[in-house]
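Some notes on the structure that comes next.
Chains: A, B, C and D, in written order; residue numbering restarts at 1 for each.
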């Protein structure tokens, strides 16, 4: 089953933080519900750090929220007055527990907890710098590098928020960061705003989250997006901002709209669901097809399929049932099924496609192996034509800012022409949304968009070559 | 979270059996994939019994297929030449492991395994009859009663299939049955055909399953439905039928089309997905509404919503995101969320409904508590009007044939007028598909349909009052 | 590590029952502590059945008491007014959950629970008899046969105790039985008294147990042994006995004193610890040796070693440390250790044996493989001579009454002369307690002793050949 | 059951390391067996770090060796050429996973793994020093302080062993340390030699261990003790020593002989078993009693009881059976047992003590609560007199060097006269081995002994008051 899941661009991370005002709110439960809502951003590990009047308690493990935070675990945690949470898919560092977040460390001013989403482009340089001063590292994660950077500034800065402000110019790349000190909750977003980060309220209490859906799921209200470069400091005096690093060119990841963010979220002013429907509508304009029905690949292709249908006038259909009981322990299919493992998870509804010319919409094509199997299922179910349309442009380049696009040799579009791909997928026609098109999907978005994975043109400096601390690989296999 | 899940008519059971011909097929893996595809019919327990050249091995546990059949468990099972599987939601008997199926017992002719879907109406009488002859029962399940009934006939019958034939007139009510003897696989369906049962092939091997989707998921092809009253005997000589009990009035459960069966299945000649779209279309004819968008409650309301949209011309929208990461260990929400626990699982997409008049389609209304919360979510997300339409008629009566409709005092429709219900749900209008309407949904279905839960008119005799073996409750609490 | 544990005669089963009088006693906890104290009699599976005012609840699993009865499980059980418990090593039937005890079944008079220790010699005949009348069996265990036998009598008997009385002449072989009906707790011991069974009190409540140690561990007092052939019925009227089957020749298993029972138990009037010391003293008389120190193999050889030392005047020493942290998940040693896997578990104390002539006492020799490794450890630790003495005679014959002596081809004594064995073990001398000697060890015992495994002369008829129901093996591999 | 286990001086830690020469040895299995043999030194957590040609892999968890290192875990670990292991009872830091060892960190020269046994007296000062330079701490353990200290020296030292040599003068207190670099295995013992550490061989491979028993259990041979102050460096050139810090006054913990070390170990030249027998013999000289039998409290009082018996001529008896099946999940006894919870675990053998005057020997008395219950069991079993003798002197003072003596208010001897204690325990007489006596027990020991916990006179400077880093408690509750 591994193939089914792995033939996707990997999500990355979600962060959340809550600062309780008044006695009502249970910060642990609040974070628990928020992490459920952010689970789509990372399913590899998750964790929470609770601040119980200055005493920090953390719990982090490999696994989904519902696996890690069992009833026993939740009950064993102190209630506290602040809590931060994280869910993770490893973009750097290896999928081991030592890299799970939040990090809780002690430094000269006491305990500090950190959770972050993003990817530093100068992590290796910073790490070496600290090692040369006697620093020791327990993980291969960027987060420990950030912790050192803030701690170094804290030696001279008058406050934790000032230390964060001073540290930000040292940190290159993408970061949406939540920091918890004994008395403050701080959120910071890199000046480009690569990853989303927003502010909300639950009653009188303040929360920060990667996406607005987490605030709603926790029973709160969205207040506003945190600006690129902004530092938000939440403490007993309320919420105040440091905007020293704001006002530079911005570059929000467009793939947040195409695939990563949840459809019910609104990111930097733009509805994700609407953006996906617009992607479908733009696809219809760029790639008109004569067909009888438009269907999407569940779940991420459904919105764009609906948009295609609405623009083109071709009826929308429900083409697949997705088996919702397939767990992570699903066993590798036996011989008779191996040629099409997708059929365990996705089942075509013959009534929708039999004898029809079908437009099949998916969010993207990475390796193409799953797409080919899906097409084959439609053929078996009686589709007479299959037209495959991708609501993302062709993946051609790596991402340095927090998304795990597959390695170049695996990217089908990087190695084949559209016609070759059409034949490989076995479809009657194949189309991708254009880069110009994808730039238009996020209607109302206040930021500019990064399309580096499609164009190879990045808004910020990227490493000349894959560059890692020379010792990084040395402890990379640890399961602990 | 319990409330979210429990406010539904409960599914019941799924059965599967495979008889290998040739060396290729792994019967255990085949059954494993088939059970995944039948999981929607019962999520309480599951099991398999393998026949390894006459030696029977069974495994059954409370839990989902992916919880019970881990890699270790699957590897520990012999490969065998026949296998039967079962997934279960308890309709009679209690949710304990002793009632999990398949049953494997030894009788005078050796071992026998049974799995069944349905509900006997004379189980209590039969049980008492056997007890008075010295019989001992390990479970409270109908299946053990069926085992005794077949065993008694087997004392004099020349073959196991003849014993099943002779036993059938003793068994009243609903049963789709799979029986495995050392050398034969037998499938039998009650003369009314209350529950589906069909025959398929995987290469040269023969399979039987509750629904055609299981055959496809296991990589095979649907051959035909098993007729009401038919006994299919699969052995070294091939597949042959006994039709002694066929040809009587039939009565397939209509709720299989409305809710129970999987949309990609075809039951007794009718596509389930199409039946649901037809239900939506009929709803549009019976309950026309002036509105801007039609949305369905995921997952079971989506097909009917699409049908409503297509018939009415009102645009179809994606109104909710369903959180797919909510596991069975989800913890009861804390205070601030309690008034609307549904928001953890279902998240409205504001962009779809804000400022709109919304038609909301669901498959049915049982208690109404969840429906009310869903409506409230739409209001919060900005819907200006909400029109709630149910693609099933009002639930007013109990089912004696294998579906666990809630008790009468909990059925909102049995205790309130439509107007009262409209107010309770907080909607602008409320409509149910008529009984006449629901009878028309299963286009192409070869059987007549049972609508007893809507009308109180049953095709067969039902018990005068809830009647149980007088000792049944005596061991009812066992977890083992 | 398997070899270390398996080179022993296997223990068999322990039973316990409690009937609460007054409100104080928690029958579940009481049974839990009692099962801990009986764990040495069977480590394969354990279980309890609670009677909560006529409602029976059972829990039984493969595993040790501390694995099966976790805090969650214990808390989930009703408190009840009666409880029976069982721990098991499979002597017939296979080590599968279906054979774990207690059995809880329903028959014509309601629920009944049974737990038993022993082995019927006519189980196969009885099973066939019931199968020919239409009976179905869920297990391969003797206990289900006993349940049928009692149930058949109950059809005509006026009470459950009378049914047990009428059933006993049908049951051949060894059984110490606990039966629980809705209102009565019944204990019965076969007329030979092969296995121990005794009566006790905890405050006003009555208990029965395989060994007195369980009564003490549960905080109660030993009252008396249950006589061979006696049926004890405990109900609201108190404790009363049926002695119809008493007064015949008795035949308590001598190996209960040598190895099976716990040293702090008193069985049928004889202290087990004293019996083992006497075995050591008799060994010293039968096998005098010139030596410097006497040591025992922990744990079962220590008592006899002390007895040898006291009789011979040779100082007692502590020769081994037994590693108490070796769990059931211990992994097979790697290459460098394979030649002596015992060294993980048993560590010689060099200070005790270096430069000494050592008398090494163990309870018995089965295969001899472990004994040889133990001797080798002593040599490595510097012992100059090793004299191996067994406090049991040579194992030469099978046991038909509940002890799992190894198969004859594995019994070293059945295949080799004493001199051959001496060479195989690598010792300077080797001696076994004589059969006449072992008959004298149980000072004060009120019963005669069975020594069939040493002599081949059995007190009762034994099967002509290994005889099993012809279908028994057919479902023998089930893990459920 | 907590009380039973907790009324003991707590053990501390065990360390092990192996450097493979040749292809034969499996370093992971070797460490696994060694940790089993060191489990008595710490049962709270355990771990291993494997060096697979410079790539480090670690695994550490709360739990026993057999819980943490399951088959799956062991198989998932690389085989490697070096491995270090650790088992731990927390003496400083809290019982959380973050404090489990070994630590694996990366510093300027690459990865380094550390495991240590002992307690620094200047950890707080060192920690603060590093924090003031920007250091961040992930744990509250001394081991992270040691890692920083060595790393700081490594910035300028030409080799890891030189860095350890330079770091040692900074580290005050007790430490037996194992350090693994990409190419070297280093062992170091503090100049006082508070804790044992020794060197061995398995074939051509070199090992270091806290106790000789671990070397034997792993199939190897003891070579020699590592001297106080010695640094042993094992690399491709063989084993070489740095003795710069040797030759100072030594001070091995005497309680290693009384209780901590395993009886089959030989520590710094003295047999532990012999030391315990000598303690018993010296007790007999200091506290002669007229009695009929001498028994020990299992397991740690047995050796001294034997010594007492041999010196006094009073017969040795086996007075208790210890239940070996009591697991860590044992549930708190219910009401009827609460007054004497010890009876679940320890069962008196009445035959040994009934009607007798009993000398009862235990290794020490901490709180006295368990001792009182044990005495009561003997009275119930019929002992006419009970004379309690402790083979350790009275515990009166804290230990600063790695043993977790209870807090002073709980130490019965620190708060009561001997006569008061005698009455509290309910015994006929009570005696403790004298401090002069305990100094003589370790026959052949090459080091002087620390008796600080008995006398309050310590060989090295101890903190003026309980002193912790001011932030240490701030994250002390973390379970992760």
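In this text, contacts are C-beta pairs under 8 Å (C-beta built on N, C-alpha and C of every residue); 3 or more make two chains touch, one makes a residue touch a chain.
This is a predicted model, so every value here is computed, not measured.
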item: Fewest touching-chain hops separating chain B from chain D; value: 2
item: Distance from the mean Cα position of chain C to that of chain A, given in whole angstrom; value: 60
item: Mean-CA-position distance for chain B and chain A (Å); value: 37
item: Inter-centroid spacing, chain C versus chain B (mean Cα positions, whole Å); value: 47
item: Multi-partner residues of chain B (at least 2 other chains); value: none
item: Chain contact graph, described as a line, ring, star, complete graph or other shape; value: ring
item: Chain pairs in mutual contact under the definition given at the outset; value: A-B, A-D, B-C, C-D
item: Parts of chain D lying in touch with chain A, wherever the complex brings them together; value: 47, 52, 54-61, 73, 76, 78, 103-111, 130-138, 140, 144, 147-148, 151-152, 155, 182, 469, 471-480
item: Chain B to chain A touching residues, read off their complex; value: 24-26, 29-30, 32-33, 36-37, 39-40, 43, 64-67, 69-71, 74, 202-203, 213, 216-219, 262-264, 266, 271, 273-274, 299, 302-303, 306, 310, 315-318, 321, 323-331, 333-337, 340, 343-344, 347-352
